[in-house]
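Here's the structure we're looking at; comments come further down.
Labels run A, B, C and D following the written order; every chain starts at residue 1.
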Amino acid sequence: MLRYIARRVLVMLPTLFLISLASFFIIQLPPGDFLTTYAAGMGAQDAIVAREHLAALEERYGLNQPFHVQYWQWISNIVCCGDFGQSFEWRRPVSSLIWDRLTLTMLLAVVSTLFMWFVAFLIGTYTAVRQYSIGDYFWTFVGFVGLAIPNFLLALVLMYISFRYFGQSVGGLFSPEYQNAPWSIGKLWDLFQHMWIPVIVIATAGAAGTIRIMRANLLDELHRPYTTTARAKGMQEWRLIAKYPVRLALNPFISTVGWTLPTLISGEIIVSVVLDLPTTGPLLLRALRSQDMYLAGSFILMLGVLTLIGTLLSDILLAWLDPRIQYDKVGSR
Amino acid sequence: MTHIEPSSQTDPLAETTPLGAAPPASSPVGSPTGPGKGIAEAGNAGSGGNLYTASQWRLMWWRFRKHKLAMASGIFILLVYVLLVFAEFIAPYHSSDHNAAYQHAPPQRLHLFEETPDGSRFNPHVKGLEYETDEETWRRSFSPDEEQVYPVRFFVRGHEYELFGLFTTDIHLFGTTDPEAPMYLLGADRLGRDVLSRVIYGTRISMSIGLIGVVMALVLGVILGGISGYFGGWIDSAIQRVIEFLRSIPEIPLWMALTAALPRSWSQVQVYFAITVILSIVGWTTLARVVRGRFFSLREEDFVTAAVLDGASRPRIIFRHMLPSFTSHIVAAVTLAIPAMILAETALSFLGLGLTEPTVSWGVLLREAQNIPSIAHTPWVLIVPATAVVSTVLALNFLGDGLRDAADPYNK
Amino acid sequence: MQAAVGADLAQDSLLSVRSLKTQFPVDQGLVKAVDGASFEIRRGSTLCVVGESGCGKSVTARSILQIVDRPGRVVGGEMLFRRRLRNGSALTGEEEIVDLAKLDPKGAEIRDIRGRDIAMIFQEPMTSLSPVHTIGDQIVEAVHVHENLSKAEAKDRAVDVLQRVGVPKPKQRFDSYPFQLSGGLRQRAMIAMALVCNPVLLIADEPTTALDVTTQAQILELMHELQADYGMAIMFITHDLGVVAEMADDVVVMYLGLAVERGDVRSIFHNPQHPYTRALLRSIPKLGLGARTGPRTRLDTIRGMVPDPYNRPAGCPFHNRCDEFMPGTCDRIVPPPIQFGDRREVRCLLHGGAEEDTR
Amino acid sequence: MTTTTFTKRWYRVLALIPAAALLAAACSPGTGGDGDDSLPPLEQDDAVAEGQHEAPELAQMVEDGELPPLEERLPTDPLVVDVVDRIGVYGGTWRRAESEVYELEVTERRHIGYERLFNWTPEWEGGSETTPNIATDVEVNDEGTEYTFFLREGIRWSDGEPFTADDIVFAVEDYYFHEDLTADADPRLLVSGGPPEVEAIDDYTVKFTFSRPHGLFLQSVAEWATQKLTAMPRHYMEQFHADYNDDDLDDLVAESSLGSWVDLFVDKSDPMRNPDLPVIYAWKVTQPFGQGTDVVFERNPYYWKVDPEGNQLPYIDQHVVQLVEDSELIKLQAMSGELDFQRTVGGPADRALVMENAEQNDYHVVTMQPDHMNTMAIHLNQTTPDETKREIFRNKDFRIGLSHAINRQEIIDLVFYGQGEPYQMSPSSELFYDEELAKQYTEYDVDLANQYLDDAGYEMDSNGRRIGPDGEPITITMDFANDVNDDWTDALELVQGYWDEVGVRMELNGISRSLHTEIVRENGEHEATVWTGSGGLVPFMQTHWYFPSTQAADFASAWGEWYLNPDNPKAEEPPEGPRRQMELYDEILVTADPDQQVELMRDLLDILKDEFYSIGISSPPEGIGVVTNKMHNVPDQMFNSTSWPTPGPSNTIQYFIEE
């Protein structure tokens, strides 16, 4: 097992290197740099930034250096000292900015995923067991509607509805009185009151796909001989389905669970922007927009690493859950 | 998996129960060189009927037909593409026709009968519109002007346009007989432009961006996935690394960087094509995985072995023997990829990347409408394009689902 | 629904299947997988059901337990079963007769019979066992479904049964996954699972087909032993006439969902009446039933193959492959069952019935 | 211009403190509050005695000995600030939200810390009127080369240290003109013939001496860019300055993980990010920018202004700014009554919705007068890289023709809700308003437009397209920022249609604000662009729309570069008209006499009328801000400007919250 993990990690290294290079490159791809954004921000208020000021900042931020020098500076600091550099825009260390927001992001991601799975598994199981029934069509339709409505639209409309008809304080994850308060039961409750919109929006988008996979997997498994075996034992139908086919139909999910997190983090960006959630997504978007190089680069790198680690974890988890799979074969899957 | 194995002759040991879910799909019946079962048994069966001789496509069609929702969706999609082709003819106005008098005009009712002193008579028409502007809030409120009756007819004359760049005409499918009269069946936007016409014109970009993007993703996906799946070994792992790498980069930064890096001298049309390329850069990896998976399973099949033994060249095996045997899967995968592209386009527009006004796409229309006043005061500018997007994406999904079920009921 | 019926059942008869019809309404038409099969299983005896692939043997077996895969279902006939009555989980010694065909496939009544009174084992021990659960788990589950035993008791019972079916080191095997066992052991585990509730009838759907010859022999031997131990009846489905010869007390020959001939094993082998039975017997190497005579000869095969279920031939389903086909008769008239002798029945127009109904 | 702020009423209050009384007597009565004598003295005496002139929690701290008493914290002659409506009460939180980082960043300048030597007056008459603030008075010599400011005595930094002339000297010498820091500091407005000599004559007198007259210096100290002049606490900042700290600066830099002492100095001097930085602002940051989504400011116990009743300001305890991700959210929050005072909420399109929700959600709307002079001015870059385009754009008839081709009334009706009137790039301040300049060529007349375009020499071909000198149909690429102003896209689309009518094709290329900056402002590579036109009210300070004074003069970027620095490779020498304007402005800069400055400016504007650089569309409609009904003393109307950093000069310190 350990050898297997070690080998996988080793294979990941070149990919990691490529990702780091790409993430750094991506941010530099658009014309201009952070200073352009800075000047543009001032320009938007009709304040004209002096040429000399920009030149000095360029020098200070090292933006006048060639690509490889900047890259080396960045990556070597990460590798040697875990220092992700400073954000130009926030003028704070990148790592602290990201960590600040990671907790809520994770919480949101986990709650959304659980909710999505809960809904998707229920619907998926139902539609598979009752294939081609009215219920199948209805729930499939519901699932797809969630997929078909663009996230930002759903978020905006839900937000307006909650403003218009529930008088709820809009946006964010906390009411103003809890915004800067320390954690308490009240704050937690407040959080959950605010979280339903993003959770619904994020979950509906992913649910359709999950329902579809679940349904297809389950349709496969439902006709497997071991289901008949279990039925011949006299088991109750729903218990039987839950214990055997559903359990096996979950395996393909587990193999993709590692992808979920990065997908959610990047999928959450748009929703979070509309709903103003204090998560990592909007931070990344802002950083990208303003070409806040180290922040955006580190972020993309981190997401990439998360994806890779996620895949690895999935494989390990799958190997653990499905005793048939031997570790050697996973790699070539 | 239990299903009918019609070739009971080949393996008397394997009894299977006649579940009868569907006729065989996994055997490559249509494959001309498949030396195995299909052809041989079609001859033997005698009374076997056309079920066994039907081509793969035909079988797929039969199975597809019974998926009612998918059928309906297919028809809907066809209609949308008809809109795309004949947009100028079907839309009563041009997408940029504006009219200061009808800014934010609400949807007008289409009256079928006109009440006249002599009783009601059939005369489809719309009423005129009047408005008042609030001094303080500057908001307009419209009310129908009962006095003014503008008949609505088929094949009326309106603005001139060129159809397919071939001939110029001014005939429109429907409209008011008086070209100056207002007809905003789905309301007007902030510049007094007809929302219906804009959505119709929007199909141009939105429906083709998906198609072209998918085609590009398909070409890349099939070639690379095919190579990966057929050869395996180090080529496979190299391609897999590339896929892994591309998928590890979050989509949004990738889109943002790539769209921002487009030369600004490019026209909107060039940008449009560039965006399809960008979308397909992410899209092909999924298709490549599907193709690769199929190749892996097909590689073991008898007819491929037979072709290898025949001494067929590798490209020939891949493109003549293996590819045709799962085209149906590809068709299904492609159908499912199109809606993803359409949604991606709207997301790009939301982020202010990619296409912007004055280009008219559904994403652009949605972006215009995604603000609070639109939701609160002029919901039609949001609802109409949103309905277009949602129903099309839904239909494409159902269509794809149906196709996939039809292509191979046993594979995901 | 009244499941218990009058004592319209011979005293030694455990299960009497009469004119069973099981059908699959699919898009391409109605598949009549079982179309009027009749046979009887006597207490403690072994009934073998033989026939080519696709004859409806498995569906018949599954019909008895009402576990036919969707969309198939039992549409007609009777399946009278003599059920032991219980008080709690203890047998009262009394019996009642239920018509399994009339039970709701999802109802509690049939579930109560499944696994407890009638158990079933399947052809592929690998796929018929869940790959992600230990065999112990799967055996114990059968106990829990039907009996109110503690976990430890159930486990003891399972280990005990495993021991009895000849699984070495049953305690360790209890925690094994199916893929960790050999084919033979898997089938033993499967049998253990079936026997754990002491059924009166064991339906074995080609239990040895997937096994190699030596293992096959061991399993057959085991089943013999267990039948003696448990005193249960066995319905043994196979296409292997050799196995039939070894196992059967009675034999049913099925063709296209129809029981074309039935009787005790001796008379079937020595005096086959139906052309199909005869053809089947010709097509096997004469194992033990007659010395290999003369130089090596090619085995006979049955001409043609089983027609597809959507295109059932009219009249006698076998007529288009039959050597003794009588044009104008066999392709028109469905042969009625003709009784001769004790438990002997054949459906062939050669033996009469042609004049009865011309419809 | 030499005004002093003092009130008799306060005089009486402070008469209790003999030392203060002496100093106070030295000052002459000024422009303070009115109705000075209306308040019964007895009440005030009681109030002081009971410590009622400060926020309750400060009084508590004083009682607990954590803070010196109010008298010791206040200057000898605290500035008395007029209240807009009535005397307020202490307490409450002022909530605001911003969706752009740069908007959040300027909270210091706009909302909490508009504290200059002289401030713009709330009324901002003529776009140039200032009032004493930190300084009580100024003396200017006749040439306009020497400015002596007399500082208010006893102003303290938020850590209790006194604010003295030395702090200003430090800001000028060691920040604005320090060789390592000057680039960050941006000392443009402090320069006239080189850096000034600054001298602390005594603790409360500081003298600036310029080698050349600085005609606009008094306006400059109230301007946007000179914020730091009074925001450098020497006693605190010295430790981060290489000239003053040889001991442990390197350690401090290393500790901060910043690159250099300059970085550290800039970081530490940032009142938005450094909670330890002493300020003289009404509120100081407690939750700095970058921690969480909010920035929180709390009252400065040493703040040095009082209301007409002698109560220490500010009234409001806390100022919270939330960084939200989408501007739609600001609208929603404002409409829910969650933002106590938000200076701009949405655009004209949002006006109706915001107003309609006011009653239900307990807020009201205040109007904002834009200081820019146009909704959207079209600039054809006369120094665009393409020689052909340059030739076309420099053709005045061509520009006039295009101007006449625009149906401005329709744009106003459709895009600007019928608000405003056709308008060119012309000052909106009364002082400089010129009907002819404002209205020339705004008439919509296609025939006239065609005639001008024909005269320009670009004939129409058979397809109705005008042919340029290179024989190709004329196509103008319009690079406009589509994320600054929602209206531009719509308006440009309309303009596109009008110009099509007269045979000139315009390609719309909507780009992001930063890309716009890169292309237009930094490189001047554009053919055409649009902007609003700031400086409508302050022609002296924001000049680049009147003549090419900086690279931001989008109608001739390279000429602007030339004015800044003729040696810049991007610079090009302008023709006579603009050159004359440059000379006139140079003259304004060295003119001390305000009347003469106005004359010169008028001459400059006359040339503008003749040159007709840019094609304006219409005068801008008013904007709206939202104030909750529990927030008081917010003026119903104010300027929306950068020079007059809205809402700072309206005295945010006297806003108060009462449920």
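Basically, a contact is a pair of C-beta atoms (placed from the backbone, for glycine too) under 8 Å apart; a residue touches a chain by one contact, two chains touch by 3 or more.
If you want to know which protein each chain is, UniProt gives these names: A = ABC transporter permease; B = Oligopeptide transport system permease protein OppC; C = ABC transporter ATP-binding protein; D = ABC transporter substrate-binding protein.
Only a predicted model underlies this, so the values are computations on that prediction, with no experimental measurement involved.
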Pair exhibiting more inter-chain C-beta contacts, A-C or A-B: A-B
Core chain by centroid distance, with centroids computed from Cα atoms only: A
Centre-of-Cα separation between chain C and chain B, whole angstrom: 52
Between chain C and chain D, centroid-to-centroid distance (C-alpha), Å: 93
Whole-Å separation of chain centres (CA-atom averages), chain A against chain B: 27
Junction residues of chain B, two or more chains touched: 2, 19, 260, 370, 372, 376
Sequence positions of chain A contacting 2 or more other chains: 30-31, 156, 160, 223-224, 285, 289
Touching two or more other chains - residue numbers and ranges from chain D: 328, 332, 335, 512, 515, 519
Parts of chain D lying in touch with chain B, wherever the complex brings them together: 328, 331-332, 335, 346, 348-353, 355-356, 410, 413-415, 417-419, 477, 479, 482-483, 489-490, 493-494, 496-497, 507-512, 515, 519
Residues of chain A touching chain C in the complex: 223-226, 228-237, 243-244, 247-248, 251, 321-324
Chain D-touching residues of chain B, taken from the complex the two chains share: 96, 98, 100, 103, 133-134, 136-139, 190-192, 260, 264-265, 267, 352, 356-358, 370-373, 376-377
Touch list for chain A against partner chain D, complex: 30-32, 36-53, 55-57, 60, 83, 86-87, 89-93, 97, 100, 156, 159-160, 163, 167, 169-172, 176, 179-180, 272-278, 282, 285-286, 289-291
Chain B - residues contacting chain A, complex: 1-2, 19, 69, 241, 244-245, 247-254, 256-258, 260-261, 339, 343, 346-347, 350-351, 366, 370, 372, 375-376, 382, 386, 389-391, 393-394, 397-398, 401, 410, 412
